[in-house]
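What follows is a pair of complexes built around subunit A, which joins subunit B in one and subunit C in the other.
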Partner chain A sequence: MTQPLLEVKDLTIDVHTPRGILTAVSEISFDIAPGETVCLVGESGSGKTIASKAIMRLTDYENGSIAGGSITLGDTPIESLPQSVMRDLRGRRVAMIFQEPMAAFDPVFTIGSQIVETMQAHRRGKKSTFWKEGVELLRRVGIPEPELRMKQVAGELSGGMLQRAMIAMALSGGPELLIADEPTTALDVTIQAQILELLNELKSSLNMSILLITHDLGVAAQMADRIVVLYAGRVAEQGPATDVLGSPRHPYTIGLLNSIATLDSRRGERLRAIEGSPPGLAEMPEGCRFHPRCAFATDKCRESVPPLSEKDNNRSAACWHADEAAAVAAATHAELTPARHLSPVPDAPPSGMLHPAASRQSISSIHEAPVKEESLSGSHPLLQAEHLKKHYPLGGGWGRAKRNLRAVDGVSLSIAEGETFGLVGESGSGKSTLGRLLLQLEPQTGGRVLYRGDELSIKDKTHWRESRRDLQIIHQDPYGTVDPRWSIGEIIAEPLSVHTELNQAQRLDRVSELLEQVGLKASWQNRYPHEFSGGQRQRIGIARAIAVNPKFILADEAVSALDVSVQAQIVNLLQDLQQQLGLTSVFIAHGLQVVRHISDRIGVMYLGKLVETAPSEELFRRPAHPYTRALLSSIPGMSPATPESISVQGEIPSPTNPPPGCRFHTRCPMATDLCRNVEPAFATVGARHEAACHYPL
Partner chain B sequence: MLQAIGSRLFSSLLVIVGSLALVFCIFYLLPGDPVLSMVDPTTVSPEVIENLREQLGLNRPFHERLLAYFGDMLTGDFGRSLVGSEPVLPKILHQVPSTLLLTAASALVAIVVGVTLGVLSAVRKGGIIDLSARIVGLFGISMPTFWSGILLILIFSVQLKWLPAMGSDGFETLILPALALGFVGAGSIVRMVRGSMLDVLNEPFVTTLRAKGLRERLIQIKHVLRNALIPAVTLIGMQIGDMLAGTVIIETVFSRQGIGRILADAIMAKDLPVVQGIVFFTAIVYVGINLLVDLSYAAIDPRIRRKGART
Partner chain C sequence: MKTSAGAARRGAWRGRTGLGQAENAIRSGKRLRLASSDIPIGLAGIAIVFLVLCALFPSWIAPYSPTDMNTAAILQAPSAAHLFGTDYFGRDVFSLIVHGTKDSLLIGASSVIVGVLIGAALGSIAGYVGGKLDTVIMRVMDVLLTVPGILLALTIAAALGPGLRNIVLAIAISSVPGYARVMRGQIMAIRGRGYVFASRAIGAKPSFILTKHVLPNSAAPLLVMATLGLGSSILAGAGLSFLGLGVLKEIPDWGALLSQGRGYLTVAWWICTFPGLAITLFVLSINLIGDRWRDAVDPKRKGRT
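Our next item is the complex of A and B:
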């Protein structure tokens, strides 16, 4: 192997907190060769971000200190350099991009001045020369009108543009290593695909190494040459991407791969979630840190830390039972599906990208839907929307023209009793607003909502109040949507005292019952929300929502904020409850695989319009709208080289001024004059399959 | 931008008119007769008193008096003092420079001390500078000006004999009152700047700046301070207004000339025209300061600038 560009050896990082010194990262080792992409994969608390910051010695500013081990960049020992020397390396030899591009730029300086400032920190030269160089960099990363963008501030650019600008700024020093900390997590899936593609292109043209930090195995599969899986501050497993994803050896990696909903996981079937949640820094288990959640755990695991033992082909796993786990994984793997979405085929290119054939196969191998759909199509609609519109007025006054933000612009749909309807679309597509209109949490601008055939309106207060009992919501942020000063028992019991005649004792019984139903302990009802983990809080949110036996539940990004392993638990819980309670639901999410897994039928929204609805399998197998196909093609881990895929350029236009004709025409590779002028009707293209496109695929 | 200034000016006008009307109403409702405080009813005949009322327009109904009053204001006629019968406008204008100078000097003390200590204590959080800055902040906020004024006189005039205790001539007489008045503002500014700097230091973009290899000093002064000043500027504007009001007390304590002092005298004597004149003047200064605050927002924060410019 060639001399590595970066070598991290037995790195241990302490964090100084008011409660004492905690060890965030323990003895992790990995290295990166020139031109290589290494992915650090892990959930919250795994130490992936702090480890990446330590390479820049940015941990020094965040109460962290390197307590042991070494970091070597080329020949430079980074762990012992004084900050003054370190400063010269930062931005020049190693550059970094971050998760929230909006927050990563100083809001009061222009993009241009921040790029120029970076150059000035490392080189001598005229400001005007640097400015021109900045314009070229912005052009290089695919930003239209770079001269104009240089003069704008962060608030005036979209997230995707800002992340490109961030990459341009990182490139300004000509770095050998680019550290990308969850660079696409805050972005829409289509923009994510563009940014990942840009990173790959830059890497090969500039021969730059990339250290990519991500929680998304799909992103890792698409980008990584090698993968390092971190769990609770230790390396669980590492090796070439194809091997780690294809034949995982650590039970944690196996569990992670199992718990994600993939394009060919059997719909309606339970995901195989990992029990429990990742430990906090202050409560690290003894021995192997994964043992409390591990099915293979023995006394040995509880007592001693397993070493990271080299297997072959430069891969290693820190597990006492790696061989056993690998064997079991291989067996279930074979039984599970002929072409697992994330398992690279034997001849996969070393980039870890999926072989084109595999993706095609994985789409065609999607299992046929169970019989449920047949029974659904005949049943009565529970909730209907007719030409629903929501316009938010903007501006106006002082001679300015009044404009409307058309969040939802004429949506009709019907949700059958017992059905789970998934809503997908980029941010700004209006899916959350549509959800809120369906529940009549705010008044619509036009159209109407029917519940069991009767009009439901927020303005009809008595009827509306009664309907609250039947229509409930689960929010994205389970902590922000409860009163932190109420115990969870009080939180769950509140809807009971509003909507039922139960007395105090009966309410307590019901709360205990609910807590157990969502997998919590009945004795916890006197605890407060801050005492729970994210996944547990979401369970509390679910218990509150189902307390009054609703007929309908809106789950608005209910699993999006959760760790992958916890997400699977909540998806399972939601599915179980739906079956037990006969719930009808709308499931809004940006994770397409999760939506497919949980939904009977899916609606795709774009700029306030519903552009396609179809049964889940049908939608993924034969998307009729180019936008739907583009969304599916953007799912990371899918090879963009598949002939069926469409890569979508640019970004979603502003809903204040939607394009005429078909709203997608500005980004559609198939757009014609007809699309530019005439709005396509929402028409049937197959059984229970509608799309609004002049040229359905 | 111009539009924004235009709308600000219009609302400023409303503030001035409103405050004048308010003062007028307060004096209208106040018990006691200004004429009786001008003359001695035991020696002057009731006819003379009635004549005087007639002359001053005090016997006309409320709305007529109010309209007449605004009419006079528009023509620049601020009336005559009820006490010395001298015209109000020259009397006030004569005193204005002294008060403005004191306010400006106090503001300078407050801003320089407040911002410097605020920045230092945020950057050296937990250190000795931080501790002393927080003590300064605490004292500034909790000590009334008349008390700190007297304390300063005791130390620097009576004990050390470094600076004069009273008077309004020359630079030396300005120092102690400006310190006493500025200290109060400095107290709250220190706390605000410190807190706001600490908030901004935790923003993700500071990590970006470090990752770019910028010097820590450059990050603190150029980026963090500028962001932190946005909330602090509001406070500074309000503090300057408070200092203008504080001159009433400080000018008395230090026996300085100024409108603060004649205001105190005029209130005691129920000298309505003088009080009204001073309120008018103060409202203008106050509104002017607010306008400056708004403009400096735009200078610091391009987001506000762009918003104003958008059509």
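Our next item is the complex of A and C:
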């Protein structure tokens, strides 16, 4: 084996908090060879970010300290270098890019001056030379008009552009190692694909090593040579990417892989979620930290910490029962017909790995799915939108022209009773606004909404308020949407007190029932929202939404903010409830696989317009609109669903000034003059399949 | 080989963390933490109880009558007989302070209550309803704010004439714009919160949302502001008393006492100093307790610490 570029050995990091010293990362070891991409994969609280910051020795500035172990870069031991020496290494040998490019740039200085500043920190030279170099770097990372961009400030660039500029800045010192901390998490999926491609290209042409931190196994699958899976501050498993993803040996890795919805997982089938949630820093379990959530846990796991034992082929897993776990995973893997692209998800769940409720539900749901689809086509529309428009007036005054932000610009659709309608699109496509308009949470600029055939309007107050009983919403931010002064019992009872005449005792009963229905304990009613984890809070939000037995639920990015393993639990819960209560729902999300998993039919939005609707399977198998195909192609880590994948360049244009003709023509590889001038009609291209394209695929 | 070295290091390392935790437990242990933050609160509580007792039963606590003039002992420095000394009439300063407590607290507390009620109401209406009403209310508040508070109170008190009720009203009105502004800002911030949107989406009526979500969540900064206001109201009352617009009685309140002693500051420091300390003690105690109260009603600090 070649001399590693970076060697991290038994690294332990303490964080000093007002509550005392907490150990964020315990004895983690990994190394990175020159030109290699290593992915640190883990959920929130796994210590992946703090470990990466320790390599830069940035932890010193955040109440952290390296309490043990070593970090060696080339021949230099980093862990005890004084900060004055570290400063010279940072940017020159190791550079870092962050999750929020918006926040990482100083908003008052130009991009150019910040890049030049970085260069000046390490080299002597004329400012004008550095400026020219900066322009070249921006050009190198694919930023159009680099001379102009150099003179702009962060607020004038889009998120994708800023992340590119960030990469350019990181490259300015010619680093040997680039640390990328969730570089694409804040970006849209099409932009994410572009950035990942750029990173891969830079890596091979500059022979740079990359340490990529991510929670997204898809990203890891696409980028990594080797993967290090972290759980609760310890390495759970590490090894070559194909091995870790193809034949995982740690129950946590197996569980993570099982809990993501892949393009091949059967719709309506339950996801195999890992029970519980990752532990907080202050309450680390004894022994193996995964044991409370592990199906293989024995007394040995509860008592002693499993060492990271090396297996052949440079792989290791920290589990007492790794062989057993790997065997179960492999056995079920063998039953699989065509191998899944990403995960070896078994069709039959490995025994004991499920939440007890899971097995009860899974079988019935698989059989129900196709039947449901048949019956849907004949049922009545519950909610209809007719030419819905929402324009937000912007600016005006002070000599500036008044403009309209066309968030939703003429959308018609019909949602059948019992149907789950998925809504996808990049940010700025208007999907959330459309959701709010459907529920009439804000007045539309044009068009109308029909509920069971009658017009629903926010202006008809009495009728509107009554309709809230039937139309409920699950919000994206489960914490911000509950009153912090209310106990969760009061929160869940709020719709009851608004819409029903139940007395105190009856309300208590109903709340207990609801809490149990969403998988929480009835005795928790007197607790406050801050005492719960993200997943539990979302369960509270769901309980509130279903409290008055609504007919329709809007789930607006309801699972987007949650950890992967928790996300699966919530998706399962939503599916169960939909079946039990016969709900109709609109499910808005940017995670395409999740939407596909949960929805009967999917609508794709682009710049305020619906560009395609089709049954889920159909949409993924035969996307008719180039934009849909581009979205599918940009899902990381998946071999594309269709043979011809489309990659889109550029970014979504501003909704204040949408392009004429087909709104997608600026980014469409197939655009013609017709597309540039004439807006395509929303036409049928197949059974229950419509698309707005002149040349449907 | 590799693993044994790792294990050794791990062992050594664990020993160190254990030590760190033990040290930490000693340094910020529960008993110690309780003591360091609860002593001032306890003292503040005792001070307030004492001052309230002074207000209710002054003659039980004061050793002399406040109207007793001992011409044989004028301008005497603090001594065993006269704890805080005597003034230019030979009155016992300690007894004067004790007897002045009632009016001082009354002016302070009632003007704050009246001011907060009016200010919060106006601010809530302006913030929640918005639009033209907001503009009208807040421009009137702006106009009032352009006049210095004490001058405004002075004008009002002069127009209404002297007397306890009028002085309270004058101070209350002069403090209204400040409370209204803070309340309006709070209401507007809370109105945009997710849980208000959620409540609206549930179908709750605006009055329900205002009373159950918006007001309870907006109140905290106003409470803190009100406790601080208590101190400045007492001072404002003192100022008005000094100018002859206050409570004209033979028993001066703290403010009047302070003003009266001002002329003797060079020869008899105690006449001014002790009423001043009384005001400070009261304001400080109220602030400490107000702070703790705010923390106690904050659900984020309840439960786990």
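Criterion: the second predicted complex is superposed on the first by the 663 of 697 C-alpha atoms of A that agree within 3 Å, B and C clash if a C-alpha of one lies under 4 Å from a C-alpha of the other, contacts with A are read in each partner's own complex, and residues count from 1 in each chain.
Just so it is clear, a contact is a pair of C-beta atoms (placed from the backbone, for glycine too) under 8 Å apart; a residue touches a chain by one contact, two chains touch by 3 or more.
This structure is a prediction, so every number in the text was calculated from the model and none was measured.
Q: Touching A:Pro278, do we find subunit B (first), subunit C (second), both, or neither?
A: A:Pro278 sits against neither subunit B nor subunit C.
Q: Check whether A:Gly233 is in contact with subunit B, with subunit C, with both or with neither, and answer first, second, both or neither.
A: After superposition on chain A, A:Gly233 lies in contact with neither partner.
Q: Pick one for A:Arg468: touches subunit B only (first), subunit C only (second), both, or neither.
A: In the superposed model, A:Arg468 contacts subunit C only, not subunit B.
Q: Regarding the shared-chain residue A:Pro107, is it in contact with subunit B (first), subunit C (second), both, or neither?
A: first
Q: Just subunit B (first), just subunit C (second), both, or neither: which does A:Thr118 touch?
A: A:Thr118 contacts subunit B only, not subunit C.
Q: May I ask you to decide whether A:Glu531 touches subunit B, subunit C, both, or neither, giving the answer as first, second, both or neither?
A: second
Q: Which positions of subunit A sit in both the subunit B and the subunit C interface?
A: Dual-contact residues (subunit A): none.
Q: Please name which positions on subunit A make contact with subunit B in the complex.
A: 53, 56, 58, 61, 83, 87-92, 95-96, 98, 100, 103-110, 117-118, 121-122, 153, 155-156, 166, 169, 173, 398-400
Q: Touching residues of subunit C toward subunit A in the complex: what are they?
A: 3, 6-7, 9-10, 13, 16-17, 20-21, 24-25, 28, 193-195, 197-205, 208, 212-213, 216-217, 299-300, 302-305
Q: Provide the residue numbers of subunit A that touch subunit C in the complex, in ascending order.
A: It is residues 10, 12, 14, 18-21, 23, 27, 67-69, 307, 439, 441, 464-469, 472-473, 475, 477, 480-485, 494-495, 498-499, 527-528, 530-531, 544 of subunit A that touch subunit C.
Q: Along subunit B, where are the residues that touch subunit A in the complex?
A: 3, 7, 203-205, 207-216, 223, 226-227, 230, 300-303, 306, 311
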